[in-house]
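Let me begin by presenting the structure, written as structure tokens, before commenting on it.
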Amino acid sequence: MATVPLIDDDAAAPEAAAVFADIRAARNSDFVNNFWRALASDPALLAATWARLKTVMAPRDGGLDPLTKELIYVAVSIANGCAYCIHSHTAAARAKGMTDAQHGELLAVVAMASQTNALATALAVPVDPIFEVQPSSS
Amino acid sequence: MATVPLIDDDAAAPEAAAVFADIRAARNSDFVNNFWRALASDPALLAATWARLKTVMAPRDGGLDPLTKELIYVAVSIANGCAYCIHSHTAAARAKGMTDAQHGELLAVVAMASQTNALATALAVPVDPIFEVQPSSS
Amino acid sequence: MATVPLIDDDAAAPEAAAVFADIRAARNSDFVNNFWRALASDPALLAATWARLKTVMAPRDGGLDPLTKELIYVAVSIANGCAYCIHSHTAAARAKGMTDAQHGELLAVVAMASQTNALATALAVPVDPIFEVQPSSS
Amino acid sequence: MATVPLIDDDAAAPEAAAVFADIRAARNSDFVNNFWRALASDPALLAATWARLKTVMAPRDGGLDPLTKELIYVAVSIANGCAYCIHSHTAAARAKGMTDAQHGELLAVVAMASQTNALATALAVPVDPIFEVQPSSS
Amino acid sequence: MATVPLIDDDAAAPEAAAVFADIRAARNSDFVNNFWRALASDPALLAATWARLKTVMAPRDGGLDPLTKELIYVAVSIANGCAYCIHSHTAAARAKGMTDAQHGELLAVVAMASQTNALATALAVPVDPIFEVQPSSS
Amino acid sequence: MATVPLIDDDAAAPEAAAVFADIRAARNSDFVNNFWRALASDPALLAATWARLKTVMAPRDGGLDPLTKELIYVAVSIANGCAYCIHSHTAAARAKGMTDAQHGELLAVVAMASQTNALATALAVPVDPIFEVQPSSS
């Protein structure tokens, strides 16, 4: 089904095995999902992707809460049509507390944006000057 | 610039004028942005789009807060490449309290999702069974 | 397979059951396809989506004929990469009389547009002034 | 503005000049729009693209009428977010008789499809067997 | 699974059979993959698509080497989310010599571009004048 | 024009100024293009994006040559419709030696892929088993 093999624990190169171990520790679970097993075909890419994901999704002072980030992740994955990502991040959002009502609201907003995106693009609406930020900071 | 004229207040058909009035009342502002002026070329489409937007973005018990919805709206608009919508909803998110730090986090999550979406698609990663919901409800 | 359960008739909430009944009446068929059964997880979203679809696809004086609307629906679904929608609306187009020759023409136009869209985007072709509508109506 | 120069008549290579002449003859107009002038940087690509466009958009027995093809072209261009193509093909549709009411219907269908595409993708709705064509022809 | 039947050799119309024969000759293999069998439902579209593909992918003096073209093909297919095309062109790239290390680099560049594409779009970065080509050739 | 200010050298926070300096050193040029000046609104995002870009685009033993990577970058940017990225990476490809003939070939392959992507998606072509990699590595 995939375009690369899914790497089992036994077949993982040392750099990949270290990432698998870190995923397990970070999630406090033995489960390593297929995305990481597929990426493990290129251990450097696996390591860089996982490291960046940990940083981006980690809480930051004055930043967004974890569930909000997960909802944004799902929204982008829907717009990009990534079935795998929709499944994995919808599950992650549920694990972080997303209720059915919130899921319904997420879908409604994504559907709304999809239709107004299409309309604004079709109409080639010029940006109102009030929405523009001054180009220079000086 | 647009593919339709932008309808001034004086040129608005009665159904369009009524929507303009409702937009002004809902936002407590005299400003009607270009998206609605372009849509006013088709008053029925204008009315239906505005009515649905009001419903979707309205608070709902147990639902998402207004800023979170706005962030999701911006995220989808970025993924769909709608420049107008990115401008208008980034401005709306700021009006609802989005800080620069939160904007930076939004961008970081969107960029992260964009790259893992591409990778999961490229690798054709099969969905882990654990992420799938039972197809039937009975 | 789905990210939500598919709601059987027995499991449908009253608002969802009413939509199922209306779908059956509108189509004069007992069959309710999976899209509506998945959406039924959020009855309000189901009801709003179905109501809008009925309005949009209904004949309108001086408007487009039903088959043309269905072809446009398929074209957008292809460009957006929605496999489910391509299947359901291709079937709907056939039910409304689309012949194999017309299907072939639809595909040829979609393929043509896809390649000139890519070329115009790659070349960043400036819009000819003759294609622009006067921005103001007054 | 563009990523290549727009080729004036005087600067056109012979193969490009021949295509410009054919465009003028086919349209019975002296105007050659910027898309073709940009493509003329690569005369072979220009010639192949123009030749294919003429074939695809030409009437075919039992096929689609010219306006329907143009509407499909606009719909795909909207979904792909090609501003240039939206402008040029909306203008072409008007030249082929598209009324404002029909334009409004086109936009409404595109917006509808955009939102149900997003919803079906988000829900990962499994294709109903009734929508599938038998894979083999024998 | 498909929206059209896959045409077996026995069921192919003469024009489609001729294309199948040319595919076999060009590839020196008896295998005709499903894309062409699906397209064979419309022999004219099949013939035009195959003819253009042969021309585009053929070596050209001073042009790109075959593997580079194949990598570009895979990259576009990923960005467009075409699972079939990703599978067939990743296999084709391997047949033309793509190593695992090169596949990893391809994926890393696609992921990088995907994230900076999203960021530049989100920020609505104005194009630096130095990147623009003079619009007129005269 | 942008959704954030473009940060001048004088206004750059220390972490952003350090990235600007590294960009200048890496390119041996004083010019810092608008993408980085826009990203500088969030110095941490700026630093992470630049660091990753340097790693991804750096030569790797047995990997792809710099021009090939740049062509892939342009191809993805076209498919994603990012006008800014198309401009900056087309310029970068030219700086790395891309000829007009190679640019023409790049465009032809992108256009070809765009149309077969659309066709394969429209036809919902099932993946030939020969294109699939064994899912498990053990």
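Details
Should a chain be cited, it is by its letter among A, B, C, D, E and F, assigned in written order, with residues numbered from 1 in that chain.
FYI, contacts are C-beta pairs under 8 Å (C-beta built on N, C-alpha and C of every residue); 3 or more make two chains touch, one makes a residue touch a chain.
Quick caveat: nothing in here was measured; it's all calculated off a predicted structure.
Shared contact partners of subunit E and subunit F are A, B, C, D.
Chains that count as touching both subunit A and subunit D, per the definition above, are B, C, E, F. Chain centres here are Cα means. That of subunit C falls 27 Å from that of subunit E. Touching two or more other chains at once are residues 1-4, 6, 45, 48-49, 52, 76, 78-83, 86-87, 90, 101, 107-108, 110-112, 114-119, 121-124, 126, 132, 135 of subunit C. Within the complex formed with subunit C, the residues of subunit B that make contact are 1-8, 10-11, 48, 52, 55, 132-138. Across the complex, subunit F is touched by residues 1-4, 6, 31, 33-35, 38-39, 41, 45, 49, 52-53, 56-57, 60-64, 68-69, 71-73, 75-85, 87-91, 99, 101-102, 105-106, 108-128, 130-132 of subunit E.
Note for the complex: subunit D touches subunit A at residues 74, 78-79, 81, 83, 86-87, 107, 110-112, 114-119, 121-124.
For subunit E in complex with subunit A, the residues that touch the partner chain are 81, 86-87, 90, 100-101, 103-104, 107-108, 111, 118, 126.
Contact residues of subunit A toward subunit E in the complex are 3-4, 41-42, 44-45, 48-49, 76, 80-82, 135.
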